[in-house]
Amino acid sequence: MGKQYEIPVGAQHISLLEPLHFKFTTGNEKIIDTAASVYYVHRGIEKACCTKFKFRQVSFVVGRVCGLCSISHTTAYSQVAEKLVKIEIPRRAKYLRMLVIELDRIHSHLLCLSHVAENSGFEALFMKTMQYREAFMEMLEAVCGNRVQFDYSIVGGVSRDLKPETARMILTGLKKFRPQLQELFHIYQNNWTLSLKNKGTGVITRKDALRLNVVGPFARATGLETDVRSQTEDLLPWKEAGFRIITEQTGDVYARNMVRLREVENSMEMISNVIDGLPESPIIQETKSFPDGEAVVRLEAPRGELFYYAKGNKTQVLERLKIKAPTFSNISAMVEGFRNNEYGSVPAIIASYDPCLSCTAR
Amino acid sequence: MNLKKYRKKSPWILHYNAGSCNGCDIEILACLAPKYDIERFGMINTGNPKQSDILLVTGPVTKRSRERLVEIYAQMPEPKVVISCGACASTGGVFRGMYNCEGGIDQYIPVDVYVCGCGCRPEQIIDGVVQALGILESKTRDIEQSLKLKNEAITEEGQTNRRNIAAEL
Amino acid sequence: MSTFLKTIGNLFKPPVTKRYPFEKTFLAENYRGMIGFNEEACIWCRRCEMACPPGAIVFSQAMDGKQTYHYNRAVCIFCEECIRSCPKAEAGALYQTGVPAPCALKEENINNGWADICSEAVRGREAYSAEKKRLAAQKAVVKEATGNQADESTAGKI
Amino acid sequence: MDLYIKILLIILAPFIGGLIYGLERVVKARMQRRIGPPLLQPFYDFFKLADKRRMIVHSTHAFLGIMHFFSLWFALAILILGGDLILVIFLHLLSTALLILAGYSTRSIFSHLGANRTAVSVLAYEPVLILIAVAVFIQTGSFEVSAIYSSARPLLFSMPLAFAALLLILPIKLKKSPFDVAEAHQEITGGVELEYSGIFYEAVYTAKWLDEVFCYTLVYLFGAGNPLIGLGLVVIVFIAVNALDNSSARVSYKQMLRFSLAVALPVAFINLLLSVFQ
Amino acid sequence: MKRIETTIGTVKKDIGNFYQFDKQHFIVMNAVDLGEKLEIQWFFSDYNSTGEVTAYCAQVNPGDEIPSLKSIIPSAWVAEAELADLMDIKIEDTARGFVLEPDSEPAPLRKKK
């Protein structure tokens, strides 16, 4: 078994949700070198957004950039478009956007955690996490009317209001979820075999995270305090909702799991705060003006910093729209993180990166 | 004895993402989850084309993923059915006419069931699979080829060599 | 270890699975399903067609100016932008049925057939507008002619 | 009379194995709060696979797979008929070796990895089995399994440590988490069985069922003499193994090897010493 | 957003002076087609509480080669490779074919004359 194997993972592989291709050079199943090719999903959305679609429609198109962070994409685009057409959206719309973003964060994190569990061979935990996640899918469906593609934020506000009975349903669901979250905490922390698989694998140090510009939970797991929510008070009132930065020190798979679980906890607090302090106001600010000038927006998607650059030219159609997805910044760190790991733990590491290649490739 | 009726009792599914937005993929995952447990119908998510009967494809075919799609389709032994999950897999959906999309997987491989919705609910996926099972029962074991297949499958003493069956496009 | 015992305990708990095809699952009462169309209320302004991002709504036009509404549930992305843009939404020209779209089979030819419908609609509209222009031009010519006659007649009177 | 029952058992072994396999899937689903497939699901799979189009990588590969099945069946037959325990163990080893050869005979990288890992897992459990066999020999005075069947006092009480050692390696043999490295689905997508398809996959698939019967017969041996105890043991072990499968993640194959050589092997060895010096 | 105008001759030096890997965060590199000229933009944000976005902008002609920032920012290769494909611009030691396939339309994000 001394000879070196070239192990291709992807484009179709059971432990991958999306087509990405890794080529591992391994000796004795220990990874020596890695090569990645990620642009399987390139569809040309940026081009279409500045030729084919009017700027009102674009907010639905960018939602289809990624099904997991669709609300983050639509919200970021709506914010940048609102900067271009120079309108201020009502407070209630801001709160509702925050509500859906946090719900989406919870479901995305739970999905990632369950995927980590399955890829480390713990099928029962995968099933358990997915089972708990379904509650949040139902909440999202009740709020937005669809399970994955929310189309909730539109230019000028949000598309539908929050019904009181829906709010009640969400609060009861959160109450029901709290003990379940503690159970998940217990398993992810204390299960011995899982810790064998997760502790000390796929390590990225804080220095590497800074050097390679890592974002999101991936970076926070290394102890790097970077979270756009703490920097963009002007767009959405995160601090009022009770947001706090969550970091872990050891940048391994286990730390990423912990960051995600604790962020889920924090998001639950934020959701209940948002629902309690929901201000009364119209939910949409209509406008007749056309986008002009250029603007940038940063937003914290479940996977990290989402960056939108838009340039308008006083017509229905934008001049240029640039989307920078979270995973885009993490690719170089992803390749680094595999070095000197067992091939056996590769699927778990990939899942713990929580790669979103449809965001990256667009 | 007639084995056809057992086809619909153990459909093993294979999932390939031809450039979708993950919306439908996570719904397929949700189908495996306890709430809608599709193992009730005897389905297993095999990651292995050679042992699977149903191909679930999501996403408009992007230019880079189409060869894999055709390869995987060619590797699956007949009888097999293809289900296109979601608007963009069925017709291209919102990505219709974008420069790097082919607009629907049925430009490349024959699709039997189109599941609508963006992203398609697990209920819709289950309905689609149930319909596909009816089709699977009526299928024969002749080689089905993808629509844009360039070179024929080589047949030597009754065995089909599929090594170079996938189209170079 | 506690996980181990819980797992054994799960043996005796009822499963959480919903037997979907035989049992109803959660469906939000304002679920974004298929788009319904009501011909009586429609004023044929084609705003929905212009607003629809993927182009799942197309109006084809016959030579007599009669428009027909085509909707493809496999192209639709269920964003409700058409309903938001419809001026007659209250009157129920376009409305939300709230029903998830059923699957389509091969026979429906839902992808390439739709492309045909779209091109057909575009052609029909061009033909119709050209026809209208021609009629308008004709009318103008006729009008001119009649106008001249009128002048002559008046001239004749004097 | 007894002989007829045994022969019947041997002939029905695949069927019983299929039932156990199906039950296992149901139990697994229930442990995950799911409904799970019907009990006869493995047989549906069997008939469906028989109906698929035949595709083979090359004839040797398919042949090795079928040989794996039959040699395993033969080993089981000898075990049930009460033959030589060492012979049984080595026949089982042979059948696994055939599978490993099949894995190496293809071009697929995942198949190679699966063969590697299968070899490692053989390395992990075979020594323990042999030590147990030797201990049994010292206990009963012969390598014949029939001696165990006829022994009045179940082995469970005479050498509990051997039973513990068997319990420790059982997940490795049954390819159950945490020791299911040989067919780690997410890593190497089934490993050795990757390249099989259609009717030829049946051999490997049904061999899994036979493996179940084989392992649970080994468990039954410890209660032999008193069928009630034996069956009770089988049920308890069945539930325990599945619960462990559903409450643990997969460890890497090096950790598995370390575990079995550092824990299971000493246990078996101590048991051997005890049975020598008592 | 703070714009800092620069040229491709001096951009490497400017960013080299400006960027410290533990203070600034390199977001992405972007290009806008202004008609006959292209505007290349490098976006940075600070790790501090305000998180202000700084954009280094340089106007170039489509033909000329843009210096690569890999030596300063190791993770810049992704953005550069993508942009080289999508905008059809020359970037120092960056190969083509990272995003696009051989048969897909070249330089999609450029305005068609």
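Observations on the model:
Chains here go by letter, A, B, C, D and E, matching the order in which they are written, and residues are numbered from 1 within each.
In the analysis below, a residue touches a chain if its C-beta (ideal position, glycine included) is under 8 Å from a C-beta of that chain, and two chains touch if they have at least 3 such contacts.
None of these values were measured; they are calculated from a predicted model.
Of all chains in the assembly, those touching chain A and also chain E are B. With steps allowed only between chains in touch, the distance from chain B over to chain E comes to 1.
A centroid comparison over C-alpha atoms places D as the chain most distant from chain E.
Inter-chain spacing, taken between the CA centroids of chain A and chain B, is 28 Å.
With each centre defined as the average position of its C-alpha atoms, the distance from chain C to chain D rounds to 61 Å. Each chain gets a centre from the mean of its Cα atoms; for chain A and chain C, those two points are 33 Å apart.
Within chain C, the positions touching two or more other chains are listed as 3, 7, 15-17, 19, 53, 77-78. In chain E, the residues that touch at least two other chains are 100, 108.
Counting partner chains per residue, chain A shows two or more touched chains at residues 13-15, 39, 42, 44, 47, 60-61, 64, 124, 127, 131, 146, 149, 191, 361. Chain pairs recorded as touching, per the definition above, are A-B, A-C, A-D, A-E, B-C, B-D, B-E, C-D. Of all residues in chain A, only 53, 56-57, 60-61, 64, 124, 131, 138, 141-142, 145-146, 149, 151, 159-160, 186-187, 191 touch chain C in the complex they form.
Listing the residues of chain C that touch chain A in their complex gives 2-3, 7, 16, 26-28, 30-32, 51, 53, 77-81, 84.
Chain D contributes residues 27, 29-36, 239, 243-244, 246-248 to its touches with chain C in the complex. Chain A makes touch with chain D in their complex at residues 1, 5-8, 13-15, 29, 117-125, 127-128, 131, 191-194, 196-197, 342-347. The residues of chain E lying in touch with chain A in their complex are 1, 21-22, 25-28, 30, 32-33, 41, 43, 45, 47, 49-51, 53, 55, 73-75, 77-79, 82, 86, 98-100, 108-109.
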